[in-house]
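Next, two complexes with chain A in common: one pairs it with chain B, the other with chain C.
Our next item is the complex of A and B:
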């Protein structure tokens, strides 16, 4: 019971962070057709933004929003200067994001050094139920991540911007013939994607050693989550993240963390072999 | 048909021209190998080892060129196979008194077998392009984690040191690659074999099918080729070459460390091939030499900033010279040639 409880919460924590990362990756992947290989570095950018701003005395909950905005601004900047020029060479665009990831990682290393930084948890105390306790802060993080995913979901289903994006998902050609300005949506989608990654990093910051390489381990599982979710619906990535994160925690608890990560990826490869179109079936009428 | 096409696709040439181009390739390769064979007499002791390492790195670059340039599938996990070869060599070499051939065979078979299994699941599961790249990236991350946490066998963060050099018995006598020059010639030997294999693939029908798959996989499979099998074979061959390169590298450097099996090395291998020119065998070699020599120079001036230089250089090359250095030169030559033809016509 004790174990099950902490397992559930560990799983929920990992899934909520991974879900945000995968959602951001999925938005970029589905809209621009490229994989942002620098996604992990945007996680680090978000975490370092929180480190710097909380050192200046700003409250943690305020820095979250600023971190997301910083990630978004940086994403829009990179899209409009570099990625935009490579729309007809998607593979080269992926390579460019890979190079950018290296550059960003090194810039962070030169600015902050390679010793881990940390952020003090803004919420202390534990969450006690029937003699079991769990850090209260982690639970607030889970709630915040779920809220962010829900907000993104609402944004893409309710706002006119989101509806246009959905139409591009469904049929890119007919959306463009109907006068959708692809460049604008690409730019914003890239920004939203990187903003979500930075937000994930800022949520992770008080719970992890903040390092320039801290995002490296999220990219691969997040990408697999996007594949598992299928390319037609946005929230598929979150479902994929639930699959990946849940399995990782279960396998990691039974063996070791390394085997947890290795086992998840092996299982994911087998799943992709069996369901190449993704775990979820194609939606009938509504997307998302 | 433009001049660029005739340069890139020599297969439609008549047999005499084919023969000439074959002879030229053979002559060029012979000259290169002869020059490399006498190179150690001009190098200082430090540079000999550096040269040997560059030769081993060139082999892993060739292995990626085979998979990426020829078959069109980009592996971010090439360092995983390189590292598996290096660790197989180092673990067997330090723990057991084995015949050198067995150790070398392990450095080849273990990565190749892994790639065979992985390739089966991926290519037959219709995983291609970016998806394939990311799965291989995940694979190198996992391999790195395993190496770091399996301390009792791999030595963890410090890796394995004092790895013995390779000694290969040939019937009655044995060839010792443990001296400084010996290590260089081990690199040259492996390099020559890899270059031979790569040239063979380029001229074989196997290589042509791979190129057909790269250009249009649907069409290739309509023509009756089992395309997933061809891709799996290319992946396996590529991993075998990378593994041997890793084994040779461990023997040359007398160590195996986690940075031989990490993401950064994978990306570096990719940058060598991309910067040199992904569609050219020579590109892989030029890129490796340029970047390794540059690395050596930069490390002296700015010890920590190498990844920054790699990243920036890589972004610039991909944005502005997508065909790489060798590809850019070939294009220039083709343009000059076509201009000459136009002048002759006029």
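Our next item is the complex of A and C:
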């Protein structure tokens, strides 16, 4: 029984952070049609923002929002100066964002050094469930991540901005021919994507050593999660993250932790081979 | 000393920053990054070569203060270490110590009047990079020896290259010795870090007496942590203790949540941590969050981590061949000189002291060989060299080419200072069946 709880809680924690990272990556991938190889560095940007601001005495929960905004602002800035020149050049975009990531890593290293930084968790204490003692802070992280995913979902389904984005998702060409200003949407979508990565980093900051390379742990599974999720639905990336994170915890428990990491990638290859459209299918077109 | 002499140390490092910046991410496993690496590494080596040639033929000062003319070319010494990735912190300190020794030697007359020229390369905890950078140092830079190395996978990788090129490798990090199939006996391997009979063997009886005999192991998933568990299990046979479970996580893990259920179930006396670099920081942070109270013993703990993050490091027990708390005139002087270069609140660590000692041992051996940089001349002289190191007088054991070192058991206090609890002097390294002399 306590094993079940431990699997559920470990899985939920991994999936909540991975889901945020993958969702951000998915928004950028689906809307701009490019793969953001610098996504992991935005995680680090979020985490370092929390390090700096909590050092200044700001409460952790306030720094979360600022970190997300910093990630978003940086994303919007980079989109309007660099990324927008790469429209319809997905291969060039991979190289450019990879290089951007290296530059960002080195800038962070120059600014903060290579000593890992840490943030004291704002919530201490544990709670006991079925003989298992689990940190309260992890639960608050899971709740915060779910809230952020839900807010993103509502924004994209309820706001007029989101509806336009959805239409671009489903058919980019026809949306553009119908007068959608792609530049504006690209800019904001990239910002939202990087903002989500920075938010994930800020949630991670009290849990892990803060380093310029800290995003690497989540990046590979997040890429696969986006592919698994398919390109037509916003929440596909989150479903992909649930698949990746859930399986990693279960395989890790059954075999070794290293197999958990490796095995889930093998399974993902099999799934992609069998369902190349992703876990969530394209919505069926409705004929009037 | 002359100003340009100083440049011969700092220039390669400055120019190498370019290389580091560009090759940072190759360890991540992305095809594009891997494809880029050789090109970028080539760029960095060109830059290093160009700048490092400046400041070579100039005057140095001999130890007695009279200017000594440098006779001929500088002696090229390579450094490899993990300057990026999860071990970047340790790698940077190791490099700082290495550079300090080079600077001091160059300021006091070099090696028999010849200045040392350092060539620095980043291995990023990656075996492929270790092979590439070792090859570059051997063939392109034509260094006469290489100093550094942290992870055992990098050491093993470097040893596939350097002995073939007849370039001795000073490995400065504590490691698993001959356990788990590691290379511990090679005529081109000189180790200034500790092996298990020097590090763990003094520690385990201390723990049996003061803490307990029931261990749970958590480590990274590569040769060193697994080898150390092997050694621990052997030692526990004599002690009547046991390892109840061992779990290994991939390097770069940021979530150790699944381990804590095992820890709670195990009811162990000691949590034996062989996680390295920032993985240890992450683990300690989560250890505190989970409210775990088992005594942590970590071979990766050091003064720098303890001082940076005292709230999560407090109470951790470690054993090292160097701790900043060693009370001796040599260490006080070493700390002063290290801090003058790197900042007031900084700490050298054991693997850095090993690198510092390596440069001096190399100098001693070459001078004993009448200035010959041919390894067949100076390696046999190593065992006759003794160096008054920050951690006490050290020398190289002729049979194993490993350092005879002191061993210090320490515990992190609430203020982040490691207090020395016990020490064992001049422990001779034992590698079974290894007779190199």
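Simple rule for what comes next: the second predicted complex is superposed on the first by the 281 of 288 C-alpha atoms of A that agree within 3 Å, B and C clash if a C-alpha of one lies under 4 Å from a C-alpha of the other, contacts with A are read in each partner's own complex, and residues count from 1 in each chain.
Definition applied: a contact is a pair of C-beta atoms (placed from the backbone, for glycine too) under 8 Å apart; a residue touches a chain by one contact, two chains touch by 3 or more.
Since we're looking at a predicted model, the values are computed, not measured.
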Label the relationship between chain B and chain C on chain A in the superposed model as either fit or clash.
clash
Tell me the contact category for A:239 with respect to chain B and chain C: first, second, both or neither.
neither
First, second, both or neither for A:125, with chain B first and chain C second
second
Just chain B (first), just chain C (second), both, or neither: which does A:249 touch?
second
Where does A:96 make contact in the superposed view: on chain B (first), on chain C (second), on both, or on neither?
first
Figure out whether A:274 sits in contact with chain B (first) or chain C (second), or with both, or with neither.
first
Figure out whether A:85 sits in contact with chain B (first) or chain C (second), or with both, or with neither.
first
Is A:199 in contact with chain B, with chain C, with both, or with neither (first, second, both, neither)?
neither
Between chain C and chain B, which one touches more residues of chain A when both complexes sit on the common chain A?
C
Return first, second, both or neither, reflecting whether A:224 touches chain B, chain C, both chains, or no partner chain.
first
A:188 contacts which: chain B (first), chain C (second), both, neither?
neither
Which residues would you name on chain A as touching chain B in one complex and chain C in the other?
94-95, 98, 101-103, 105-106, 109, 216-217, 219-220, 256, 258, 261
Under the stated contact criterion, what part of chain A meets chain C in this complex?
2-3, 6, 9-10, 13-14, 37, 94-95, 98, 101-103, 105-106, 109, 113-118, 120-121, 124-126, 132-135, 137-138, 204, 206-209, 211, 213-214, 216-220, 249, 252-253, 256-258, 261
Listed in rising order, chain B residues that touch chain A in their complex are 74, 118, 121-122, 124-127, 129-131, 133-135, 137-139, 141-142, 145-146, 149, 263-264, 267, 270-271, 274, 304-305, 307-308, 310-312, 314-315, 318-319, 322
Considering only the defined contacts, which chain C positions touch chain A in the complex?
17, 20-22, 24-25, 27-30, 32-33, 36, 83-86, 88-89, 91-92, 221, 247-250, 252-255, 257-258, 260-261, 264, 277-279, 281-282, 285-286, 289-291, 304, 308-309, 311-312
As the complex stands, chain A meets chain B at residues 34-35, 82, 85-86, 89-92, 94-96, 98-103, 105-107, 109-110, 216-217, 219-221, 223-224, 227, 256, 258, 261-262, 265, 269-270, 272-274, 276
